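For reference, chains read A, B, C, D, E and F in written order, and residue numbers begin at 1 within each chain.
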């Protein structure tokens, strides 16, 4: 039995609240149960130096956790003077994942930065960030279209993400913190609507995992993906 | 006339939402109109090195602004590798102000850190942080009492803060961003319930200000203080 | 009684020694009693990036304390790898104050940086820095005029600063270190010759202060200001 | 056809040269073709602060690339003042992978740090680092046993790693730089001798990948794993 | 007697292995006995900002030590976030020394960076770096000539370096680590083929040294220089 | 002819003003002509971690240059976030040199830090720092003796330093800035009273130098040393 009483294939309640703050071109508060992440997508003219003159845009992400998003207070990275390895790894993952949603050639020389700041953490902050960040990204693109900053539509497809794992021998989906910290294996999967995989990152915690377990976890992720794409589509009023 | 149509002595709508996140011992989302700050008070055993063995506690604050709390995206301080001068100045002010609410001797060897993270900015983030942070601080102290971490009550008095300024020649209270960026003089006042002053920080922006203007601004702050203390008391269910 | 035997409204001996070092366009060693600060004003062509093309100049300040300016050695900020919050706060205050002495539009695209380095500290280093820095700034402007770098005169008015406080219940002016560390309230006031206020920063140390005390402190500051302006004018050979 | 002319399931020449430098307790130069990584395992008494008193050891890794290990010179991270996100991500992966080879409880309060420094890069530096680092780790453990620093044997199993990917539509193993930079999908797999998986990290580069492709890549990795374990065992004179 | 059994004027075995890695324009593994340094010379178009438009090139060096090049593991400078004082001092010395080998005017607006990374340390890493780095530099220049990046030949003369010292009262050459750590005086000498001196850096460790000792050490360095120039010439196939 | 009109063997006017500031245990303003350095020696209980329990003391130095000590303003190292290579090199040299003046075993577990801050620079700041720093060091030792912090006298001998160089073909002593920037060779020599050498650091600037020139420069340094020791002795009221 899962600590939360959920079925192995049952997601937590997923909420996607658009227009959460008023300044960002896209602003989404995403909740996977008690995990809450504010995803703000900002549009800025110009691209990083290494992309200049290549006639394309860029999508990137930054990730942060408020110091008391967690059970015990974590040091503020701005105070420590650098982002930790975990933070850098997560924001690189979010950025790569969101770029799969966009045709950078059609974006023009603009950069969209998706800031994912964790207000409250209960496991799965990176998967919530990707899922919510994609909705904010679509809103930012729609804003650019309304402002006539771009002519064609750079949006390609929705991208969502969920964690799966082996908890006490059973494959489960969308691990919360108690499961996450006790799981034998933890895997984050980033998916497209047509069943494609963008990222698969599985890590053995206590013991190696095997091909059969990997397959069971991927099956769970696939099922969850359909629900996440539905939630994103509903939030965005896209028919699905 | 003020851009918002408010009277010179009229505060924006003040909201103080307690228990906003679930991990912090005190967690308050404070809103001064469109300015929203999440104030999380964390209790940790121990004190900074320079206070060890002095048989007292410590109250400190950290301040941050989410990158897209503002009209245009500001760089993430964790990415830039240090907190800017404005951030350090504000968090020092918040810490000093909140220490006036507490008898550090009665706090025991505990540190309460109040993290003030600006979700959305529209002027007055430091005054909102102090006003909301004080409520979170009281909640954290109450939590310590319930947990029997302290015997006597270290809470001394409520502390609140408001900005006042000279806008187009007229003294006004609780400046929002359009007023703040156009004011001739900007002053932040931190107050106690009995009419005492904790901090007075007035800055001439375009032109010097004079004693008469200073007096008018302090009068406005005093009036606003009574409303802020009422709002804090209501939120905390303290009779007033 | 004050530890130094001074009257409540009595300043320490003020000295302003111009041309103290030979390279800077303005170089003043200022002493408020045993507090000694070397203020060097440097003229450089160009302005910060965010001011380019706006057809104006810039005045800024940097502040530092030699490691053994104080009773016990303080760590060198260059060795620690960053300026502390107190340093940043002080140099921002000095910069804002000195900008009130200058019409930036008439300065042309030049930057004047006033470096205030504390040789010996005995309380009031920031007020001495502003008072001495203003003299160095005037010298730098005069140098620019002699070199024909500017045509009109950007100098608007002298700016001086003094600390006031409540020490053992009595309002006093120009606190030295023993007073500063024992004061109930400490306030720094930055003034113009015509009685205008540029900055008022009052902080309750042990207990809140009240409007009557604030008024008494401002009266003291005003009186001191007249003496400081006279000292600056004498040093600069300006009739007053 | 692969640029190197290799078969899809053909590894580059694998070399594992032990005792490469003389100071480290384990020192292995590993080559996957033209990719050369020096893996030095250092034994130090003590564990990180957060593990003290828990009666166990720790295994960690650090990764670096010599500035001219690549086609064009990359900036030295020590000069830039921090390790980049890619570096941190890789060294965290190496550390997690190598910990799967060791029973930390049996290691006692010792830390083994495996430094993986890339002398020459041609794709697959992280997989070479894990494969070579594991051999250095075993040598360091054997050294501890000879020195009687530990009584029981903390070594559990060999760990090896290989990259697989989809290059021009075909699943291939052990991608060199030309393949790596042109691959549609890139996946790093960390394995144990009994067919277990420690890490699976697959990334879609140009287009999503699908379950069938994932399976084909994992099959390739499994086959390569057997050859890598054989190479490690040969180098260590372990019968297999 | 020297710990290694060498004669006072006897160098360790000197090896200079060119083309050690394949990407750098010049790549030399230099060994002074057990001290091994990889010297990679990289050619890049452009010069540092302060040299732009001066119609000349630049030669610079960076130095690093692999964490376990030494008896006990040294912290990785990239992890600590800065290069230490010893590192900076050494790389400045190497850069100054190598610039003596080149006519910067004839180099055109190119920068050659010589990275000296110590694979294994046994004393004399800076002298080995200069001696090996000069060979890598010549190879990089020859590469530029073959690529027609320059027309005239900027190479002026070979530069080599050796340490000399007073060990147990006797002047000796090319100190290894046991001698280096026990020497009374340690001196590094950088020389040109015609007997010129580029750098002389002598340091008294336990006791002052005298003119007679200085002379004896310089005599030893001169003799060693001839052998080092021969080794460099042989490696480069220059007749001598 | 030297730009200053001095004879080749003529020092600039040397001044050593003791008790320059009031807090430091030793405080000396040293002037070599227009080069002025404030040398403050601070005594602190305890030694660096790596010396603890070894029953000895430590002497170290830190060096800084006020931003406008030079012709054009140099960036403040505290603002840039790190000490530059030149600074680190100089303060390491000063520290090593001053340690030659002291028997660390007799110093007890105390650290003396000599801060050398350049008020005005005109060449030779490091040699002035060593010469003045030694006088401040002696004062700090005398202070410790008066305070009974040490029983025996750790002072061994005076240490002084001077620069020598080849300027327009002629060996000269104590180079000022115009000479320093135009010299063919620049050498800093650190000496003891009995004719011993502590450091010899010679650098060819434009062209190599030869043994004869080295000898001539050392002769000049020796002569200057006698005058510097006399000046130090006079300042300290030591008979000589």
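In this section, contacts are C-beta pairs under 8 Å (C-beta built on N, C-alpha and C of every residue); 3 or more make two chains touch, one makes a residue touch a chain.
As the structure is a computational prediction, the values presented were derived from the model and not from experiment.
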Quiz prompt | Both-way neighbours, i.e. chains that touch chain E and touch chain C | solution = F
Exercise. In contact with chain B and with chain C at once: which chains are those? Just list them.
Key: none
Quiz item: Could you give the fewest steps needed to travel from chain B to chain E through chains in contact?
Solution: 3
Quiz item: In terms of contact pairs by residue number, which of D-E, E-F or A-B shares over half with B-C?
Solution: E-F
Quiz item: What whole-number Å value describes the gap between the mean CA coordinates of chain C and chain D?
Solution: 59
Quiz item: What whole-number Å value describes the gap between the mean CA coordinates of chain B and chain F?
Solution: 51
Quiz item: When the C-alpha atoms of chain A and chain D are each averaged to a single point, how far apart are the two points in Å?
Solution: 28
Practice problem: Could you check chain E for residues that touch two or more other chains and list them? | Solution: 81-82
Quiz item: So that chain C leads and chain F is second, what is the order of every chain round the ring?
Solution: C, F, E, D, A, B
Exercise. Give every residue of chain A touching chain B within the complex, in rising order.
Key: 21-24, 27, 34, 36, 38, 40, 42, 44, 62, 64, 66-73, 76-83, 87, 113, 115, 117, 119-120
Quiz item: Along chain F, where are the residues that touch chain E in the complex?
Solution: 82, 84-86, 88-89, 91-92, 96, 100, 187, 191-192, 194-204, 207-211, 214, 218
